[in-house]
Amino acid sequence: MGIHTYFQSLNDLERIIRCPGKFKFEEHSVSAHSWKVVQYAKTLADIEETNGVTVDWKKLYEITSSHDYGEIFIGDIKTPVKHHSLELRAMLQQVEEGMVAHFIDEHIPSEFQPIFRRQLREGKDDSVEGRILEVADKLDQIYEAFTELQRGNTEKEFVVMYRDALIKIKGIQLHCVDYFLQHILPDLVSEGSRSPIDIEKITKEALAT
Amino acid sequence: MGIHTYFQSLNDLERIIRCPGKFKFEEHSVSAHSWKVVQYAKTLADIEETNGVTVDWKKLYEITSSHDYGEIFIGDIKTPVKHHSLELRAMLQQVEEGMVAHFIDEHIPSEFQPIFRRQLREGKDDSVEGRILEVADKLDQIYEAFTELQRGNTEKEFVVMYRDALIKIKGIQLHCVDYFLQHILPDLVSEGSRSPIDIEKITKEALAT
Amino acid sequence: MGIHTYFQSLNDLERIIRCPGKFKFEEHSVSAHSWKVVQYAKTLADIEETNGVTVDWKKLYEITSSHDYGEIFIGDIKTPVKHHSLELRAMLQQVEEGMVAHFIDEHIPSEFQPIFRRQLREGKDDSVEGRILEVADKLDQIYEAFTELQRGNTEKEFVVMYRDALIKIKGIQLHCVDYFLQHILPDLVSEGSRSPIDIEKITKEALAT
Amino acid sequence: MGIHTYFQSLNDLERIIRCPGKFKFEEHSVSAHSWKVVQYAKTLADIEETNGVTVDWKKLYEITSSHDYGEIFIGDIKTPVKHHSLELRAMLQQVEEGMVAHFIDEHIPSEFQPIFRRQLREGKDDSVEGRILEVADKLDQIYEAFTELQRGNTEKEFVVMYRDALIKIKGIQLHCVDYFLQHILPDLVSEGSRSPIDIEKITKEALAT
Amino acid sequence: MGIHTYFQSLNDLERIIRCPGKFKFEEHSVSAHSWKVVQYAKTLADIEETNGVTVDWKKLYEITSSHDYGEIFIGDIKTPVKHHSLELRAMLQQVEEGMVAHFIDEHIPSEFQPIFRRQLREGKDDSVEGRILEVADKLDQIYEAFTELQRGNTEKEFVVMYRDALIKIKGIQLHCVDYFLQHILPDLVSEGSRSPIDIEKITKEALAT
Amino acid sequence: MGIHTYFQSLNDLERIIRCPGKFKFEEHSVSAHSWKVVQYAKTLADIEETNGVTVDWKKLYEITSSHDYGEIFIGDIKTPVKHHSLELRAMLQQVEEGMVAHFIDEHIPSEFQPIFRRQLREGKDDSVEGRILEVADKLDQIYEAFTELQRGNTEKEFVVMYRDALIKIKGIQLHCVDYFLQHILPDLVSEGSRSPIDIEKITKEALAT
């Protein structure tokens, strides 16, 4: 079949859970994560524009909304696997891309195939939009980890998740990253101050690396 | 606080359930619905562009991704209420808009307030983008109802939901509506042919009205 | 249809969640909350009777068991909205009452309509029974918030929920309120003493206001 | 401790599931079931009163609201066990009553112990109120089974559950039973007419026994 | 019917929840618990074998995998009831065994009945395998309680559950118990060191009794 | 750390869902599936023994209980991927085995490493035990698919899952396969006869291939 198969498939991402078995307070579906990335990216791009940067909104729309579509085929497993072996992660990436390519060949009408190939490509390149996607994706990792830490989840995993995302973000050159570090992150840290886990200390250490 | 409060709030929409108490097979969060609307709208706009129509992608991005943000305050209740009384629905709409306005005043830094007011406005106007949003929103209603009907949910509610959405869509003048009716809907009906509910008949009746 | 529609509708309240998106440890359905209010009210009324007060049990039965039935139409949203604007809350109350009135007109046989109108009225008046309902309703707010605080939920929301309910209760003139403050609340505070949140301090501050 | 322990315990019934592992479409907590029994009983008693019967509302309140409290200790297992052996069921009943008695002795202040013993007794006696409780309890069994049958659950268990409850109800002498059989049951059967299971036939056979 | 009824019934244990209403962070089904007991027992038996002890693997297989099958009939209620009265617990055990015997008589073909009676007997005897089962069963109680304590569940129940299991285990004469106390338990305590609950202290007190 | 890390990890398999997003009536965790495979295999091996075949119970214990442990790292994705490309499936198998090997090297004490390597190997070889595992694994696929089909799930996926498993089983030379086809399968088909899906026809076609 055609576009119907694609539309229908979107529903399945609502049942694919991020990092299955890890979140203890709030689980997140891949579709909910994708929507939050779209939302963060929109505000991040607004910050860029208010600083005079030109944003290609069509490209940003395409790469943010579909950036995890491939997980429909293999679930959300790249991150935990990556922690153990970059080689195995590369192999998984290849499996996922193979599944996406296969899906487009089989289900998407030929006149739309170039559009779908462009939209479902890896979007995290060096362009402004690619960098905004990277920040937005890591931002959700920060908020997901924060939600666990703030409620007293003492498992080390979420400290690592929070710190790694923060370190990644601060290394990216964007006006919105400056804004995040100066205006958003302090509010987040302040809100987490009643947690039994010292979120402020973890944050400072990450920013100092 | 500022943008942090907004970013943090997005998480709550993952726990707001669409039409609470109605879906029996698969429940849908408002965030998952929002993401699907973003995805449908992208493909619908692609179809418009391939037909020579100019799409304002920034506007489309803004109005699709945030179109149900106000439900963070009052849940997803406008649709069922609307069935009973348009006056009560208008009142609810006013409550929701009041809450959104209040949130922007209290939490969003003044330099971003105009941007947020524009993004969180009602987006279903007569522009191409507004009409695409309307189609995409109704499309998800079709897929949500279809998922129940296809699995044998015999409650009348979903027949109504499916039919109303279809009638609404077919009245909108867009190339993508023509494409949907000719190329997508037939595949959907065909996939539903093993259901104990006669989806084909319901579809034909809706298209004939 | 008739009473069947009403009986059937009760089932839906089992899927309506209290304060959607807020509780992180244990969610509560409106039907479970309603039952707990019935149970608290029964014991509170027993305490009144042992102090020589006459209780109209039929009235108490009616107003406690149905006090949140209207949420079947609009979900549990009045409390959060109230925090922001009493005007918007009044408007919502009007929507809910309109939906209830509409439901009775359409579905309840005429010989039972006066009974249903009386049972589904707002029951929190100045009578003994009305005050018992108010205490019982706030008591569940206390227990619901306590359950979150006791397990280390550090979000400010539940401190506010707990404190507001306590302040409301202590202002009501009833023997059972005295009994609660002297004999029940101290046990609750004592049980919460191992929580990272200082429930005793919050309690003392609320009682001192 | 005292009444606090009792109030706190109510919360646990929200996590005790009826017939664990059996319901496939909608699970029911014991607290939600208890609330629905309270609601049905209220309307059933209204029907008695409109037929000139005197109702002891305090007694009805007590026996309906607490009729399954004992399941807090042993879960909802009496019904399935009963199907296999009345002797084993009697033994279970004894265990449950022993747990309730033990709870009252240990936790309820002595001045309230007689009240709690009366409220937590088996309420299904031959009085009007006892018979109303029996009807209300079976009525929820009918609605719970109907919800499964209506959605196409073909497991024999729910046919048995529906039929047994109906046979039990029709054997009880009450005005409200007549009303149910003449005015409520036909609407229910009519609503179930699109189910793949022949609910009308099952109903007629049960009424003919 | 025959073996099919037995195979089909296994599925139901996936919906039977351990200690219903008690676990707040992670619920456990009886089937998942049973699998973990099988896994622990395998490693415990490996430790015995490396110490020169002969293990009857067929017996171990039989008694570990089926040790809670009887809960399919009455749920997981023996443990909480036991805390209150050993007499009531014995009665429940009798009910469960009666249900199992009844099931075998009715559903298992006669040529397999002796095998099923042997497999579904109480396996915790004085043999090596019986003692390994006892340790493995208690080990899961430790891990289940630890998971709650580690995340800051301050309810006394889980401290008792953890301590009772530990005291039981340390009284059993097996090489694998020594290994557990010297090599596994210290790692567990160390991992729990960031919890607001002093797991190390609870452990030391239990070991000192 | 050591064995503790392994024991602790077992808990995570309780949160890993089989075929995420596919089952609509009952989801299955990998741990529950693993337990059912252990149970089926035990009875299948009993049937072999009653036919005079010698069973190595230690080997059977090891390979059945751990046969899906590797999914702790990458979830349950091999089956859906396999349908599209055997090459991609082989790559995934390699990733999973790499993760398991890495886990043993890092966490299991050296004296137990050979035991764990043997237990966590692929167990589906040509031995009696390897073939029993293959049958037991496919048997659960049959029961999982049957549970969906019996309740009226009309999605083609489960027809394929049921048929493929049946075809695989009937090609394996074992006494227990004969017993299954003659004595168990007919009961299953008979129980499914009220489903809107023609399970009998699907079964006959699969057996005729």
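Which chain is which? They are A, B, C, D, E and F, in the order written, and residues in each are numbered from 1.
Here, contacts are C-beta pairs under 8 Å (C-beta built on N, C-alpha and C of every residue); 3 or more make two chains touch, one makes a residue touch a chain.
The shown structure was predicted, so the numbers you read here are calculated from the model rather than taken from an experiment.
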Query = Which other chains touch subunit C while also touching subunit E?
reply = A, D
Inquiry  = Counting one step per pair of touching chains, how far is subunit F from subunit D at the shortest?
reply    = 1
Task = Count how many hops through touching chains it takes, at the least, to reach subunit F starting from subunit B.
result = 1
Task = Could you find the chain whose CA centre sits the greatest distance from that of subunit E?
result = B
Note = Greatest centre-to-centre gap (Cα means) from subunit C is with chain F
Request  = Would you mind pulling out the distance in Å between where the CA atoms of subunit D average out and where those of subunit E do?
outcome  = 33
Message = How many angstrom lie between the centres of subunit A and subunit B, each centre taken as the mean Cα position?
response = 24
Query = Just how far, in Å, is the C-alpha centre of subunit D from the one of subunit B?
reply = 40
Query = Touching two or more other chains, which residues of subunit F qualify?
reply = 13-15, 26, 152, 196
Task = Just say which it is for the chain contacts: an open line, a closed ring, a star, complete, or other.
result = other
Message = Strictly by the criterion at the top, what is the full list of touching chain pairs?
response = A-B, A-C, A-E, A-F, B-C, B-D, B-F, C-D, C-E, D-E, D-F, E-F
Query = Considering the complex alone, what residue numbers of subunit E touch subunit A?
reply = 25-26, 150-152, 194-196
Ask   = subunit F touches which residues of subunit E in the complex?
value = 1-8, 10-11, 13-15, 26, 28-29, 31-32, 34-36, 38-40, 42-43, 46, 50, 55, 57-58, 60-62, 65-66, 109, 111-112, 115, 119, 139, 143, 147, 179, 183-185, 187-188, 190-191
Task = Show which residues of subunit C lie in contact with subunit A when the two form their complex.
result = 24, 152-155, 196-197
Message = Which residues of subunit E touch subunit D once you look at their complex with the stated criterion?
response = 12-17, 20-22, 72-75, 77, 80-81, 84-85, 88, 91-92, 94-95, 98-99, 102
